[in-house]
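Think of it as A, B, C and D in the order they're written, each chain with its own count starting at 1.
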Amino acid sequence: MLEAYLDVRRATERLCEPLEPDDYMLQAMPDVSPTKWHLGHVSWFFETFVLRRYLNGYRPVDDAYQFIFNSYYNAVGPQYYRPARGLLSRPTVAQVYSYRARVDKAMQELLERARPDELAEVGSLIWIGMHHEQQHQELIVTDIKYNLWTNPLRPAYGAVEPRSISPSELRWIEFDGGVYTVGHAGDSFAFDNECPAHQVYLRPFRLASRLVTNGEFREFVEAGGYQDWRFWLADGWNLVQKAGWQAPLYWERRGEQWWVYTMNGMAPLRDEDFVCHLSYYEADAYARWAGARLPTEQEWEVAARLWHQAMVDARTCDAARPERTARGAGALEQMVGLVWQWTRSPYVPYPGFRPWPDGLGEYNGKFMVNQMVLRGASWATPPSHVRLTYRNFFPHDARWQFSGLRLAQDA
Amino acid sequence: MLEAYLDVRRATERLCEPLEPDDYMLQAMPDVSPTKWHLGHVSWFFETFVLRRYLNGYRPVDDAYQFIFNSYYNAVGPQYYRPARGLLSRPTVAQVYSYRARVDKAMQELLERARPDELAEVGSLIWIGMHHEQQHQELIVTDIKYNLWTNPLRPAYGAVEPRSISPSELRWIEFDGGVYTVGHAGDSFAFDNECPAHQVYLRPFRLASRLVTNGEFREFVEAGGYQDWRFWLADGWNLVQKAGWQAPLYWERRGEQWWVYTMNGMAPLRDEDFVCHLSYYEADAYARWAGARLPTEQEWEVAARLWHQAMVDARTCDAARPERTARGAGALEQMVGLVWQWTRSPYVPYPGFRPWPDGLGEYNGKFMVNQMVLRGASWATPPSHVRLTYRNFFPHDARWQFSGLRLAQDA
Amino acid sequence: MLEAYLDVRRATERLCEPLEPDDYMLQAMPDVSPTKWHLGHVSWFFETFVLRRYLNGYRPVDDAYQFIFNSYYNAVGPQYYRPARGLLSRPTVAQVYSYRARVDKAMQELLERARPDELAEVGSLIWIGMHHEQQHQELIVTDIKYNLWTNPLRPAYGAVEPRSISPSELRWIEFDGGVYTVGHAGDSFAFDNECPAHQVYLRPFRLASRLVTNGEFREFVEAGGYQDWRFWLADGWNLVQKAGWQAPLYWERRGEQWWVYTMNGMAPLRDEDFVCHLSYYEADAYARWAGARLPTEQEWEVAARLWHQAMVDARTCDAARPERTARGAGALEQMVGLVWQWTRSPYVPYPGFRPWPDGLGEYNGKFMVNQMVLRGASWATPPSHVRLTYRNFFPHDARWQFSGLRLAQDA
Amino acid sequence: MLEAYLDVRRATERLCEPLEPDDYMLQAMPDVSPTKWHLGHVSWFFETFVLRRYLNGYRPVDDAYQFIFNSYYNAVGPQYYRPARGLLSRPTVAQVYSYRARVDKAMQELLERARPDELAEVGSLIWIGMHHEQQHQELIVTDIKYNLWTNPLRPAYGAVEPRSISPSELRWIEFDGGVYTVGHAGDSFAFDNECPAHQVYLRPFRLASRLVTNGEFREFVEAGGYQDWRFWLADGWNLVQKAGWQAPLYWERRGEQWWVYTMNGMAPLRDEDFVCHLSYYEADAYARWAGARLPTEQEWEVAARLWHQAMVDARTCDAARPERTARGAGALEQMVGLVWQWTRSPYVPYPGFRPWPDGLGEYNGKFMVNQMVLRGASWATPPSHVRLTYRNFFPHDARWQFSGLRLAQDA
């Protein structure tokens, strides 16, 4: 476990290597956090929920960090005002790295010293902390992209975002209606919001074989999609007009050509890539324009499970197929690890949901309102953090995440 | 049909009888509309969707009304700025009543002149218009209550709100899990958002036998419920602090006694009455404090159908009971016609939902985001407007509707 | 004095005759007040500062009026929230007229009953009340114009605004530098802010013989004046861009022709009329564009006194002229009674200024910041309210007053 | 001149020595600028107004700097959005220092290469640039103090603010009324807003012999001054309530003791020090409470000239005193170099004011509205930047400058 812990910690710091010292404090909108704050907060998480509770004699680095690096845990205490995180010049970057080192040393001490029975108790908290830090690894990337983009120089972070190979023709994969099971079961790690596994009744539906591409979305833009109320939810249409949206975030028109801001600076838009940085409203409007709709999160998960089973079957040459299955779930492409896929499902508790105990009950449960579920993980999600039952969630207007879409239809 | 039409129209005007001329133009917040505007808008609805389309030679009263009284129908044209409806001193109240009379006369002409086959075509639009006007009848009442309340004189509208008889002990009614059908089917009138009927899978659940009372909610208030983050969704807790909420809308502390603003002016709070004028956040927080939760709209509808069947059975002495039923759905009380009951269900399209054609597609569909479903109708809902499949919907922070709650639990 | 009092009161009510009942409650922006509120407030002024203090046994009509109709007198007590005056449907218009009648009757009683020595004491307060009501007479007109204009029907109030006869060629009238006296002295009525008379040192200056016309201002508009930062103060330029100003308030471009909203509805713009409804920023920008500047209030008053003297001399054929005078002050035109003329003088206390005693100290003194002085009175100012020492004042961005300008230059 | 130039430039950089790298980008409110931006902007000033115009072959470091470091010069081009200066992680601090070095090298080249007649032409621009940089030296200090203060750790910048020696008893120094001359005349450097020298008529007045102290102001605070509308201008009173002001900026109550944030961190308030960090509204309210008023800028300057003359006379043992003088102007203390002293004079153009030509006309003139004049300079003003005719100006609500007050009275 120590090795896993240190792997996660090192991965976080590797993400900061391309940054200039000046970049660490950027907070270009309240939704994003400065890299420096992310670095401190994930350490605070281990300090607060593990070290203060389980390491005898642990002395916190600085009591003020309890306040400064607390994101939203009322059970832990008051929190520094979120939109002003970019004003925390102190602690300095150097002090935050030193904080990380102190926490790592203490964690090492704890893990080496702990008896197996003690480890059983604290281990689940450490796993949560590691998954928590992985979530922030993705946020470090999405946030720094947004932060650097607001600079008129449009500087490059220096990483290359993945590109599509030439996309296949879109096909519609059909799924039967009936009662299915969704949600997480078993002993492996999952967040509380993925539980419990439960049955749902689905009507027959179709899912697009692949993600929507830049080229397809460009047609919507150029057909006047952002000027036509008919495709939009009322709240979305209001937002489009008020914010003056004309295209996805990071798109920029230069003469006849669309350009797009990437982790590597400005680049011409590639039609064959999957579209990214959409809000829910834009994904929903595109789907309506395309004569389709977004899938529900249940439809997405059912399809993903069947697709996964088909992948496993293919590898194991297992001829015995499950009784009821999608006609061709194995033909699904780009299911995970490219862009998060908006679903039409509001983020609500699963039937029978129980938040984690103690302070960690605030991790997910209190946000189950005013947000939509995204599925499938993005290229910035650490691979060991990807799960078919994973429920990511963001407000309807959020665009700075790596968020795209896959179409669905009633069958 | 003419009789039904005129009944609805007369009912609207009767609601205005207690008003002073000065009251007609009040708009104390953007969400409410002046009574005068309601009176014009419901007439505009018939003019726009019926008379302009189907009455040969119909000459609109004033072309500017097309703009002024259009609520949100982009298909009809641009709309006057909603938050400024209270500034429309012209047309005057007298002119709006004369507009109503002109529309009524034209509707009468249309209905008397129409052949049966024509009636079939236009009839469904007229039904929609009548149900539309009934919705505004309730809004006239909720809006004028809010408008008058903002006056420091706290004037009375002059109607007595219904009161509870001494409430019974709360009992938990149990319902089996399994696949149920919900949603509207058949030829009777329903809004598009109630369709299609479809199957859902429910886990076993319990429903409280009656509504939550003022007395019960007062305990929550006095136990510090509005000062304790543990009971609140994060967005709700932010709102409570920002808006300084300390109790439901219209409650007012005077020394040791709670008072409440009613349609009849200020009155001491009666513990035995059902609590009213809650936002979703408050209903949800109360339920959590009480060790329960809000029902989903599907749970509510399934229970309501069984309750209704039990009522019918009781009246018809039908001994042949459906195979699977609630253990005692007939024991449910206060199911409809007192206060709207918040559910934990976001307002989303039913699987297979199709908006109405033509301009009326904007009636419901484009609002299916950022709102929660309420069920059960209030005392201000016209009785002929009540349906067990009816889906009312309001944003999470709305408190000026007659909105209360009934508790649920996992079984 | 009773006759004078009743004259003022009747004049106020005559201004309301063209109104529909619906118009009385309009408040289209926080700066304006509903006519109904004006009617109540001026009565409250007499009730508060005269009747409550001096009429034995006077019983206020309604104690809540003390709060509702208090504009800004902290010494009297708390005030109803100004931007919500348009929500006061109660007291009704009928009740407010009845309030006026009650106050008038009590004032009559007071004046008839008072002994001469008592009258001396209360008389100055009554004079203040009458001048106060005259100020509100002008505000009733400016406010109702703004209120009706926001209605998409652009209804007419029904009065004809004065027009210029064909304006003369603009001439520059020269004034010597030196020490002058400005400010009010003597026993006649004046507001505290006009006192004391005091000496000022002026450099030689020139004043335009007449007001700026619509035609002249139209040239500025059509020459791109609203798009060129060079003519604007920084705060003005920010406002022009943020508010999207393109022309004076009430101007409207229809094809090739400018139209303007008047008390009588929309009418084509007449080039020969004096320009009106400018903010300070626009008046200042125009002056800079025209190679001139606004006069200071001292320059304006010095010129006005000389002009007035010349008028008197002309009438009395007095050949003995004051030693030092303007070369031709008698040639000044349009000095008073057409539009208020912006000066470049911030509204600050005169040297030696003392606010009125008691509650009336709040009348003027506390507003001596963030406002600019206007001089000369408008056509909506009651003639008996015009004075050459009168200091009107409004914030830099106010446009709904009858505010124009006259140019000045260093000599 | 080169030496003077380099002195100014070095002084700027010395101010940054106590900063951590993280501190350079802080912008805790729109009114302040990050240290990094100040460093770049003052260099941009020389580049824009001197090097681009006069150094043949000068190649700007980066064309984007023209936009990024332009504060408000529309004549130069568009400007980066001021409130977002804190988001400019690029150019980095290192790049900005390298920009400074490049500009210095080019300036050196220009100055060494220029013939005397060329120097005459460019010299006045360079003097302006040096005085401009000195203004920013003070802003660097005021801004970093504000920026660091918003950090919950209240870090110290590391400088000690000057303290009063035990203050003398306050005496009132009397000045005669009459015509005086104020404003700058002669060949020495002055900003355009100090010109032309001109005559003013003053009434007799008194000026306090010294500044108001913390102890005196604390009495006002503890007597409920911030809770009593009677002392405040209406706009000030609104602000006090809305912003919740209870004491000057940086004051903090800890039990019975007042503490204050200084450049060296938190420290107990010293009663004998001069009060600092007041807005105009607070200075004005205190003066009213103390039965006095603020001086006009003319009164201040007249007194300061006489005081200065008295100082010179004392040193030169010149027995021949000017005919008319203050009775004891030499007894004035703390006139310059401690805190800026609010005057009651709005910042308006002097009679006959002419803005500088070319792009520099925007330096002062366009801000002559909505601001008040401060006189006397603070401890953070470079000594060579202090002048008795100097007109500093800030909006009425500004508190982060080193701003205090001296009382005045009518004589």
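Rule of thumb we're sticking to: a contact is a pair of C-beta atoms (placed from the backbone, for glycine too) under 8 Å apart; a residue touches a chain by one contact, two chains touch by 3 or more.
Here the structure is a predicted model, which is why all the values come from computation and not from measurement.
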{"item": "Where subunit A and subunit D are represented by their mean Cα positions, the distance between them in whole Å", "value": "49"}
{"item": "Separation of mean Cα positions, subunit C and subunit A [Å, integer]", "value": "61"}
{"item": "Contacts with two or more other chains, residues of subunit B listed in rising order", "value": "none"}
{"item": "Contact graph of the chains (line, ring, star, complete, other)", "value": "ring"}
{"item": "Interchain contacts (touch definition) - all pairs", "value": "A-B, A-D, B-C, C-D"}
{"item": "Interface residues, subunit D side, partner subunit A - complex", "value": "20-26, 28, 36, 64, 67-68, 80, 84, 86-93, 147-148, 150-153, 155"}
{"item": "Touch list for subunit C against partner subunit D, complex", "value": "72, 74, 179, 198-203, 229-230, 232-237, 344-346, 348-349, 351-352, 366-370, 396, 410"}
